[in-house]
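Pasting a structure here, questions to come.
Note that the chains are named A, B, C and D in the order they appear, and that numbering of residues resets to 1 at the start of each chain.
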Amino acid sequence: MNKLLAEEMYYLMTLGRKFEYAAKENYMKGNVSGFLHLDIGQEALSVGAIKAFEKGDVFATYREHVMAIARGLEPKAVMAELFGKVNGVSGGKGGSMHLFEPSRFFYGGDAIVGGHIPNAVGCAYARNLQGSEDGVMVIFGDGATNGGAFFESLNIAATHKLPLLFLCENNEYAIGTNIKYTAPFREQAKKAEPYMMTLSVDGMKAEAVYETIKEAQKLIEDGHGPVFVEAFTCRFEGHSVSDSNSYRSTQEMKHCKAKDPLVHFKKELLERWMCSDKELEKIEKKAQTMVDEAVVFAENSEEPNAAALFEHVFTEEV
Amino acid sequence: MLYREALNKALDEVMEIDDTVVTLGEDVGLYGGAFRVTEGLVEKYGEKRVIDTPIAELSIVGNAVGMAIGGLRPVAEIMTGNFSLLAFDQIINHMAKLHYMSNGKITLPMVVRFPQGVSKQLAAQHSESYEQMLSSVPGLKVLSVNDINYAYHAFKYAILSNDPFVFIEHELLYNKKGEVNFAQQLDPFKARIVKEGENITIISYLKMVDDVMQSVSAIESALNCSCEVIDLCSLNPIDYDTLAISIKKTSRAIMVEEDHKTGGFGSQVIAWVAEEMFYTLDAPPLRLGGTDTPIAYNRTLELASIPTPDSIAQDIIAWGKKNDV
Amino acid sequence: MLYREALNKALDEVMEIDDTVVTLGEDVGLYGGAFRVTEGLVEKYGEKRVIDTPIAELSIVGNAVGMAIGGLRPVAEIMTGNFSLLAFDQIINHMAKLHYMSNGKITLPMVVRFPQGVSKQLAAQHSESYEQMLSSVPGLKVLSVNDINYAYHAFKYAILSNDPFVFIEHELLYNKKGEVNFAQQLDPFKARIVKEGENITIISYLKMVDDVMQSVSAIESALNCSCEVIDLCSLNPIDYDTLAISIKKTSRAIMVEEDHKTGGFGSQVIAWVAEEMFYTLDAPPLRLGGTDTPIAYNRTLELASIPTPDSIAQDIIAWGKKNDV
Amino acid sequence: MNKLLAEEMYYLMTLGRKFEYAAKENYMKGNVSGFLHLDIGQEALSVGAIKAFEKGDVFATYREHVMAIARGLEPKAVMAELFGKVNGVSGGKGGSMHLFEPSRFFYGGDAIVGGHIPNAVGCAYARNLQGSEDGVMVIFGDGATNGGAFFESLNIAATHKLPLLFLCENNEYAIGTNIKYTAPFREQAKKAEPYMMTLSVDGMKAEAVYETIKEAQKLIEDGHGPVFVEAFTCRFEGHSVSDSNSYRSTQEMKHCKAKDPLVHFKKELLERWMCSDKELEKIEKKAQTMVDEAVVFAENSEEPNAAALFEHVFTEEV
């Protein structure tokens, strides 16, 4: 990773963090509603993975704002979607959990835990058939690794040696339930071992994530078939904005927040890439401006009109 | 008492007296349930009887079926109606059929319960209603509960029954307040007359009953008539007797439901009205339901896609004027 | 040409001209499909386009959705309707909603097809009908095909359309013989008037159309009337225009379906008749459907649980006598 | 295994084989209908497993006649069920695929591939809670090991350390599709390895099956949690009576039939347990008589009456 990329990643992580806080603030104000799942604490993972997996298709879950932005979706179009406005990436119909941008090969935004994994498998099948070099990356939580959709996908992807990168964000929680109640071990990569190569990485370290995803991508390109990457991470907030996070002790949260990926990466930038405080300040400011603009854009954007309700049920009405 | 507290109390009481009763689902333990219906139970009955499951709805119901075969009385919670689709094979191919296929040798004393419906901007994958699908399955008894007193009694009944029940709740009812008459003997299959009236029978269930009640005075003054409002309570079996008595009196029947209108549950009710009450009717029956569109996130679109007290009043008044009510 | 051969021909022709079309399902390859609909295709188009899948229905549909996102036109076969329940999450939460939730950015040109219904003693887990569930889902177009010519054209249309289709077949129709008019331009959403008549409109679809046709002469001579028989062909959307024209002529409407009567697909049709054609009707509408019991293995019980030509004639004649037809 | 048990198992295997041929014959005659899945070729597995797993609950698939009989269900009641008669184990309502006898802890007869596995998990959960020593055995084909229900069950059984014996009958085919098209490897036990102990056995050898199931049962009793047993086997007939078996070459079928479990076990009885030809002839005759009587019983049994259609939809009608 060179300095330029490191700076870009720091920018995206900072942008992501600020975006999430702005989203939360606007949820409190009543501008954003529904389920709002924040990625705060997991930015190294979201940004590192998306930047490493430059080409190819990405399928994500409902906790996807930061990934979407890292993928190149405009922060203002994402914020407008959270506001339910017509200039939102999904025209206000999808909301936080349903951000789609096929032009950027981003199909983030599935709200059925594990439901997008078979879709990613199908897309990888298509890419294979089309002879495309770029694979598919599917991102999901540790909670998704207990469901049938995930398991069927391991089997099918391995059978057809599909160019598919499974990325598990293991934050050890599915809403309020710790993984120890729902799986026999903490490392979900074990489940993939019979089927494919697995890698694991500290998801709080942006560079490590970046390198690991690059390695996985290389394995896929070299024809190894699917690869499973597990990244251990930690979410700083409740499951969604409406969750009080009461099931995690102050102790546990302190331990978790001590690994803040932004703090860590900033230190790396200062120490390893010799960035100056000033350079980083500039980046942080730029991120803040971007977020401020996004909120203003979302505020000023129109509501969808009444006819929108009946649009896009089908491509052609009968 | 809140609605969710009534359910909690019912479950708690049954677990207290019968230690074959267990409850399972995502976050039902320590977390107390996504809508707090199981709050406090794991502390009281332990992790073996209040079981935090993985996110695996097919197994939640499939395991409950097996637990029932093994002699327990499981109460399975599915966090939201939309996720129940993942368990449809177990609900329909197993839970509903094993008693019949085994000629009565296997009995399945079990309940699958979940909330459904449009809450607030949860979008298309978290807002749907599936009572029309599930109430058409032979072998399942389906209750869907508006009233708090009813909820308490019917839920208890369902847990203690030897038949498989689907118990459908609504996300927006959990914090509704009301009283429970603990001493009452309540028949969970009997429809509830929420309000008596002479000229129009309005049939509904679950949350829509409240919306109908909010629209009634506007309708009555606009049409100069009185409405009888019926809460079905049980969706399978349907208490046709109560409906028949009411419609004989009013000669008019309206069905209000939240689900997409096409193929909604109400079509069964109105088809029955047309077949069985035809000669009694003074006006065409009316069905009010949601639009045939997935649920949108945007609040205006979302509200435009389901009946609201205003739209119910408007639509019924327009129908009344057109049909000389 | 047999019914299954017409489907095979349609798929073959489309695969020939458009190499983004793929078909996937259990045993669709070498084995040629459980009902031989995909016979010969793997030999012609290879294993990459005619894909033998594991027994994993959720993935069959879920992968098809992803293939469509990736630019293919998948035709997914589910071996029997009952197994489609395992894929309901993908069909309803994904296939039906992604186009809408993405505000039209994602399109899903795909077909999910399966046979359903009572065949011969396949028992409760292999005999059900799910059109009532699937045709109530906004975002899906649902075709259900009695006629061979129609099957050929409608299937082709569905594969080439950019919308997601559910194409429902019947196990007992596959070996039905008929002609295909290859040159015809056929609108797959238009109901088919199978037989013209003046006094009773009998509405049906899929296999039951044939049973109705077998019962018609008995009905006509017993009631001294003539029946118009309509095959719906498309279950979502429903061609209400054709129904309205017919019912205006006959003033009477009957719906015949194979599914359990309670909550069956026909309840939507009859509810619509009651709401929209009320003042036209000279008699209460009638619905004939299966009993509200799981399907039994024993042949006598099995046949007693669904409409047959005899029971249809009997029931309609009794209704006609009671209602002065 | 002592001689007495060996003889009993030989009796049950012979009975099973003859029963299946009689069922097939009566299918041809039109007395039996629907799907009829024969166990011919797999008797060592069915009988060995059921006899070894004496106590505890058994959940099986649609290919369960022989298991049902080995479990102690009366052959005549099973045959009557195939005939759809009122004296059938399921009153004629279930047919070949749905044989149930809770009094013998037999819940065979699920026709949804893999659908009974979560049921077995739930039952094992109940047994655990009830403090019962006897576990649960669930039997399924190789085709079921690709479905979500199976995978979810591995995870849940392992998480709760349930007393559950997974028995996979790997005959390498799901209807007409060879396992190589649908899984990345032939040994399905690999899929269970991350979760539990696995054993594998030649399913054509009755004694080996018996011993392996005993071993698995012991592991479960000793608190190891669930155990996975894979038995390799081969079905001699088509998937069901209506399947022509055209997808397997003469060569393959010859190879398969060379491993006939009855021939093998008979040889063992003669050579290792010193049974006489006469003793075995007597056993074979007894089996034949049993089957003949079963057919006569089924033929003479009544059809269910018309009211049966509406019985047992519920335990209580409203």
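A few notes on this one:
Please note the rule applied: a residue touches a chain if its C-beta (ideal position, glycine included) is under 8 Å from a C-beta of that chain, and two chains touch if they have at least 3 such contacts.
Everything quoted here is computed from the prediction, not taken from an experiment.
Chains making contact with chain B as well as with chain C: A, D.
Averaging Cα atoms per chain gives one point for each, and the point farthest from that of chain D is the centre of A. Remark: chain A and chain C have CA centroids separated by 40 Å (rounded to whole angstrom).
Centroids of chain A and chain D (each the mean of its C-alpha atoms) stand 46 Å apart. Rounded to whole angstrom, the centroid-to-centroid distance between chain C and chain D, based on C-alpha atoms, equals 36 Å. Residue positions 90, 92-94, 98, 110, 112, 115, 146-149, 152, 155-156, 159, 181-183, 313 of chain D are each in touch with at least two other chains. Counting partner chains per residue, chain C shows two or more touched chains at residues 53-54, 56, 58-59, 82-83, 86, 89, 93, 100-101, 123-125, 138-139, 291-294, 296.
Contact topology of the protein chains: fully connected, every pair of chains touching.
Within the complex formed with chain A, the chain D residues making contact are 146-152, 155-156, 158-159, 181-185, 190-191, 193-195. For chain B in complex with chain C, the residues that touch the partner chain are 58, 82-83, 85-86, 88-89, 92-93, 96-97, 100-101, 123-125, 128, 132-133, 135-139, 236, 259-260, 262-268, 270-276, 278-279, 281, 283-287, 291-294, 296. Residue ranges of chain A in contact with chain C, taken from their complex: 57, 59, 90-94, 98, 100-102, 107, 109-110, 112, 115-127, 129-130, 148-149, 152-153, 155-156, 159, 311-316, 318. Remark: chain B residues 22, 48-49, 51, 53-54, 56, 58-59, 61-72, 74, 89-90, 93-94, 98-107, 138-139, 141, 161-163, 189, 237 touch chain D in the complex.
Of all the residues in chain A, the ones that touch chain B in their complex are 33-35, 81, 84-85, 90, 92-95, 97-98, 110-115, 143-144, 146-148, 174-177, 181-183, 247, 303-304, 306, 308-310, 313.
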